[in-house]
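I have placed the structure first, in the form of structure tokens, so that the comments after it can refer back to it.
Going in written order, the chains are labelled A, B, C and D, and every chain counts its residues from 1.
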Amino acid sequence: MLQTSANLVWFIALPLFSSALLLLAGKKANSWGHVLATTVSASTFTIGIIEFLAMQARPEENRAVGQKLFTWISVGAFNVDASLLLDQLSICFVLLITGVGTLIHIYSISYMSHDLDRRRFFAYLNLFIAAMLLLVLGDSYLNLYVGWEGVGLASYLLIGFWNQKPAYATAAKKAFVANRVGDVGLSLAIMIAFATFGDVSFSGIKAQAESASTTQLTAIGLMLLLAACGKSAQFPLQSWLGDAMAGPTPVSALIHAATMVTAGVYLITRSSFIFDEAPIAQIMVLVVGAVTLLFGAIIGTAKDDIKKALAASTMSQIGYMILATGLGPIGYAFAIMHLLTHGFFKASMFLGAGSVMHGMKDEVNMRKYGGIGKFMPITALTFGLGYLAIIGVPPFAGFYSKDKIIETALNAGGIKGIALGIATLLGAAITAFYMTRVVILTFFGNERWGHKDEPHESPALMLIPISLLSLGSIASGYLLYQGKSLVNWLEPVVNPLKEHHAEELFSPNAVSAMTLTVVAIGIFLAVRKYRGNQLDSAPEKVSIFTTAARKDLFQDSLNEKAFMLPGQSLIKRLLQIDLLVIDGFVRSVGAVSVGAGTKLRALQSGYVRSYALMMVVGALALIATVWIVTA
Amino acid sequence: MSLLTAIGLLPLISAGMIALIPTRNNELIKRATLVATTIIAISSIFLAVSFDKNSDQLQFVQKNSWISAFNINFSLGIDGISLVLILLSTILVPIVILATWNESENGRWSSKVFYVLLLTLESLMIGVFAANDLFLFYVFFEAMLIPVYFLIGGYGTGNKSAAAIKFLLYSLFGGLLMLASIIGVYIISSNQIGATFDITQLATLEIDNQTENFLFLGFFIAFAIKAPLWPFHTWLPDAAKAATPGTSVLLLGVLDKVGTYGMIRFCIQLFPDASKTFTPLIITLAVISIIYGAFMAIGQRDIKGLIAFTSISHFGFITMGIFAMTTQGMSGANLYMINHGFSTAALFLIAGWMISRRGSSTISDFGGLQRVTPVMSWSFFIAGMSSLALPGLSSFISEFLVLVGTYTRYPVAAIIGTLGIVLAALYILIPVQKALHGPIVSGNENLKDLNLREKIAIAPVILVIVFMGFYPKPVLDLINPTSEKVVVNAGFSDPIAKVGK
Amino acid sequence: MSIANYLYLSAILFTIGAIGVVVRRNAIVVFMCIELMLNAANLAFVTFARINGNLEGQVVAFFTMVVAACEVVVGLAIIVTIYRSRRSASVDDASLLKR
Amino acid sequence: MLSAPSLSYMLLSPMLIIFGAAVLGVLIEAFLGKTHRAAVQLTISIGALLLALLQLWQIKDMTSTTAAVNSVTIDRAGIFFQFIIVALALVAILLIADQDNFVAQASAVPGSTEEKIATQQRVQQTEIFPLVLFAVGGMMLFTVASDLITLFVALEVFSLPLYLLAGLSRRRRLLSQEAALKYFLLGAYASAFFLFGSAFIYGYAGTVSISAISAAAGSANDIFLFIGIIFMSVGLLFKVSAVPFHSWTPDVYQGAPTPITGFMAACTKVAAFGAILRIFYVGFADAQSLWQPIISVIAIITMIFGSVVAIAQRDVKRMLAYSSIAHAGFLLLGVISLSKEGLAASLFYLFSYGFTTIAAFGIISLVRDSTGEVSDLNRWVGLGKKSPLVAAVFSFLLLGFAGIPLTSGFIGKFAIFSAAYQSANISLVVVGVLASAIAAFFYIRVIIMMFFTDPVNDSVSVIIPSIRSRIAIICATLISLLLGVFPSLLLNASNSFANLIK
């Protein structure tokens, strides 16, 4: 029986109320809004720590706690409580969300200090924290769904925070719509689950998962994967993430790097009991992960916008995580591990990018950077640490988490293993290439910004969070890895040790060696290409591959051709049909009546004799009728 | 006289009293109407409080003989479904009055006429949901058309008289088809159990299949026009565009619910077998409505037209839920009626304010409102989010229940219906982007934000939308017993999950 | 001679009258055609009286004559008035009311 | 030895009173001076009608097949028909009493100096009153006549005065006279058909008594019955203006003086349906397989034709004429039902329709310009702004015609459709319903014209009606309203009076 913890509700209630208060209070809250929001975020982190410590203190089988708030929906067999579940998996996310979230709140105080709408920004951030915590704390798919769409809403609001620029407003809309496509998947998954199990709670479905037919489970799995693709910007729903960089940089760091976009990984991990029984769905997960990790990496090589380059990287890294979740029981833990380390180093790099932009008057084009390292040493240092972490240099965080994924992929066995291994290794090489490119373009080389104002280091309020996150990029990987701490921690949730690997084709050291080799190659290629001085504008004569990468592998034009244009012409057609055919039919009934009336009026000729004739004809017709009837 | 009857009569009596106030005394008329409707709203809440929610029986029953020759009774009584719809009507009316305080002044006739029509309409709305006598229901059903007709034609804008007549003729046509069916049911009852119009008794009739199908169609087409279901929908956008926002709220928020209410109360209860026969067809039409309405909404340039088409999409959901014949679908559909009432009310009222401030209803004439008129924009945004069924806001629960309920019986329909949520995102976010976001379009710089009166009017609606999203239980508790009864009486039981518990 | 022949005659007379109303323009002639039809009916009545062997049919004939006379009074009054107004007794001229 | 026929004067008294008053009216025309004539005539007419009503009330529970030997059957339905006719006539006579609708001197050539002098001298055409009374008497007799002779005589007695009355309009006299001519020629033509049909029925049954026709069932000469039924139907359907025997209706409705149109539209319909119901229910009941198909066809054509053609009308009186054609179609459903319910429904329908009709024509007579009544619909535009009350009342009456709930028209339609449905004529009900939908269009169009269209600058105005017209319109409207809300008042009565003695 699940233990109850009365604290859980505060995770959601505090930020939610704070958000509502800031939005409702209006300008009156301008002076203290950011303080409240940050305090609230910090409090949730504190509660998270307390709960974590309490959880650690409990024996393994009693670690999960729950809290039933109220009966939410109850109709016939469909019963959903608003209740929360904090187990070993969710606490990882809670700490990540509230921890990174709090740091980003602090960072934003300074970063957004010149924005008139800073209060609103913090309200949105708190709304996001509430929704994201609900997402990971909900004890059923439907509760999760609320958080799921809630983070979508927060993301929409934050991407469109500067929506006076039409392009930004469009980006926000695009993100929401792409997410909605994923939500269709989640909705359907819940429906199928209810039809199959008569239940939508995790525990209820988990208990029955093995007795369900593979077809049903595969269907649920595929739908969940679709949902994950939408939220985590995975192929084929990846196109919104790049545009989402329209939002303020802290948002990119928190939502579009560290937390929200990883919700897909959470969803698949949470649904391990489904995927474990649905091999086809699992293979699809692998395919999506592999495709996306390469896709993102390739795009990343061609981006000049620092945030978009980082976004492509995020997409790629999440591809790794998704791929890991497809690798069966052991993969979940590594996926979560990479998710956590990625949360640190990617957030720190995004905040670093924000710091650079802050110093560079919001310039995002790396071609206009160069040699910034000497002006912004702390930023450069922290960014560098993040860089080392992401490319997987030991002993930084990424080394542990990414290598484990590559290793598991390589050891997946058969063609699958080879293919996945190649994909992950290739991804690692490209990652090294594009990240090196980013670092060189930004911090090294000649100064290309073309104006006199020298960039300046950011204020302490921004640098402290970055620094703290950097600590994470350094140490988190080792901490989570050593002694299989995370794997063991998560075991009750995802059963990672249930299945024992028969054989390991590649030993960890071999994998590390391979990885480091390809990473070195990537770094080398990047250094060779970008150490020169003609970097102030993107070369125009480029190979077709570069063009393709610059255009995000034609993802937008594909969407446009496949959905938007046909959709628009369909709507145009429908508008005509509605007017001409449907309404036209009704109007023509009217017109026919009026026309008939007008025609028949002519019978009324005014001549008595024709009236009499009509009567005679009528009488004869009657006779004929009777004759026919009686005959 | 039962409390129910009293509440039903109150608006009519108020109308009579307001008719006595001199026409020029405009403010007094408005205030009196507001006070009267508020009292009615409060009394109806009292009615809900004293309603026994555990019972699936009719309550507050009142029965007096009206036309003894045909055994027609003035028979009122409510179950959960009727109650929540009555609540919806009585609560929306004062809100509409407060929200559209000056709307009545630009009409063809005086404000007094407007409010007298409005109050008369309120009485008829309560009556139509409370009637237990088929004939009485029909009388209310048809009589409602007249005040609405004059409200659209007399106080609307644009092509109002054409829209009004289109509305009236569509409705009359449907109503007359229903009349033929009502007569059929009546005659069958007189052959079997003695002539009666009592709905409960009529439900026990045994009708041969062919006849039942025809009678069913008579009712169904009438309700499908009212609801409106594709392809009977073309009157709605015209009417909604022409009517004043307040009238549109009542038209889409309450009156159209009579259609879906009628499907539950009459189509399914009186003709369970025919309902079964026609379900595939109806589900198909409902799905088409969902998708078609959404696409059309995306293509609208006029904000009122957009809201009207979103409603057509939503009515598709409601109809689908009803004919899914599962308790989830049925309860979801019922809840949807309420939620749609409030979120559409919010959308229309705010759209009305936007239009009256800007002097245009074309979406692209707005722009950047979020920075000029934040409160108005946010209210619109929240209403829009509810309309696209964002979890945490009211419509989500109903839409999801409908989809879940449908999925367990008609998976394909539910899957297609689910695609509607993507389109919903588009049809809400496109106007949000065009009207609220982006640079401030010239001409909008000096628009005024909501004043206190408007804020007071919209606040309860927003509150309901948010509250019902988190805690729909009070309403679901009222609805559930009745919807379960309807499903069971129609001879259905919920499909059992494939894996037993 | 078969008694049915009287009925045939009656039918023929009636038909002549009915056609006359349709083809003739002069109001008086039209009216006379109607009288012819009435008399055809009379003939039928009398014939049937003979067939049925009772007097009722013959009584009807008398009534019909009286009624026809009344009709003449009213009819001629109307026709004369309209003739005075229009200087024409053609029924085709009186065709202002139409459509 | 001939014995004097025994007459039950009590039962005949309502008709006798009316006929007596009519004869008295003729005498007054001859002997009383011009100055008081109108007042006296009006008093006598109203008095006679009231007295007749009173007498009808007295005899309401008496029935007899031998009230006047075998020629008149006083039964419950007959009394009810007579009651409706007299009550309608009472309201109509108040409208008719407004003398300025009628020509000063009918014999004067339109536009002549004679006419001008007569107009200047304020000559009044008071013979309208006895003419109306004769018509009323004839109608009453028509509904209770139980042999072919009486039927024919009654038909002519009520038709002939109407022919004359149609020609007495004060304005647009050429149209009025033309209406009279058309009505007369076609009416006489139809009478001839009726009489010819009667002859064959007599030949078939061997007697002129209606009730004997059924008794003769199985007689070898079915062909006589066929011919008889068809030709009699032509005559009767002409009177109720069923298609294709309707052509006189629009022309006569438009040309006749409006109060007369109202009277005629309401009362003729009652009388003709009274007779039709009696003949078909009593005489032809056993031959239903023969006539039900043809009447059904006629009913369908009539309902649809009336409704459709009404859409295209631009004259309000012509529009109501087509509306009355459509209503005749609905009423035929009551005939086809051939049941007590059908009869009861017809009684209710006729009553409510009659009052609505009279009120509507009463209102039409109020809308005028300098040259007299304006019946052109295009000039009714914006009437709702000029005189909201009149427009509102007229709208209410139109809604009644359309059969919107809470009007008497709705209950009537409901009752008659129910009866038809019960007698398994479901397709007719469906057609009726569709026709109602079409019909609603043109009624509502008029409402739109009055209320939702801005008035053009035109001199149409609503005159202040005289007290008599006002009473008439108010009474008729109130009855129409009352029957819509509390139809039980009349429905129970019509049920208990729905009894024809065979």
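Everything that follows uses one rule, which is that contacts are C-beta pairs under 8 Å (C-beta built on N, C-alpha and C of every residue); 3 or more make two chains touch, one makes a residue touch a chain.
Chain identities (UniProt): C = Unannotated protein.
Quick caveat: nothing in here was measured; it's all calculated off a predicted structure.
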item: Of A-D and C-D, pair with higher C-beta contact tally; value: C-D
item: Inter-chain centre distance, chain B versus chain C (Unannotated protein) - centres from mean C-alpha coordinates, in Å; value: 65
item: Centroid spacing, where centroids are CA-atom means, of chain C (Unannotated protein) and chain D in whole angstrom; value: 25
item: Between chain A and chain D, centroid-to-centroid distance (C-alpha), Å; value: 79
item: Distance between chain centroids, defined by C-alpha means - chain A, chain B (Å); value: 37
item: Sites on chain A at which at least two other chains make contact; value: 590, 601, 604, 606, 608, 612
item: Where chain D touches two or more other chains, by residue; value: 181-182, 185, 189, 193, 250-251, 441
item: Interface hub residues of chain C (Unannotated protein), defined as touching at least two other chains; value: 18, 21, 30, 91, 94-98
item: Pairs of chains satisfying the touch condition; value: A-B, A-C, A-D, B-D, C-D
item: Chain C (Unannotated protein) - residues contacting chain A, complex; value: 18-19, 21-25, 30, 91-92, 94-99
item: Chain D partner contacts - residues on chain A that touch it in the complex; value: 590, 593-594, 596-598, 600-601, 603-604, 606, 608, 610-612, 614-615, 617-619, 621-623, 625-626, 629-630
item: List of chain D residues in touch with chain C (Unannotated protein) within their complex; value: 106-107, 109-110, 148-149, 152-153, 156, 160, 163-164, 167, 173-175, 177-182, 184-185, 188-189, 191-193, 195-196, 198-200, 202-203, 206-208, 250-251, 254-255
item: Interface residues, chain C (Unannotated protein) side, partner chain D - complex; value: 7, 10, 14, 17-18, 21, 27, 30-31, 34, 37-38, 40-42, 44-45, 47-49, 51-52, 54, 56-57, 59-60, 63-64, 67, 70-71, 74-75, 77-79, 81-82, 84-86, 91, 94-98
item: Chain D residues within the chain B interface of the complex; value: 344, 399, 402, 404-406, 410-411, 414-415, 417-418, 421-422, 426, 429-430, 433-434, 436-437, 440-441, 444-445, 448, 451-453, 487-488, 491-492, 494-495
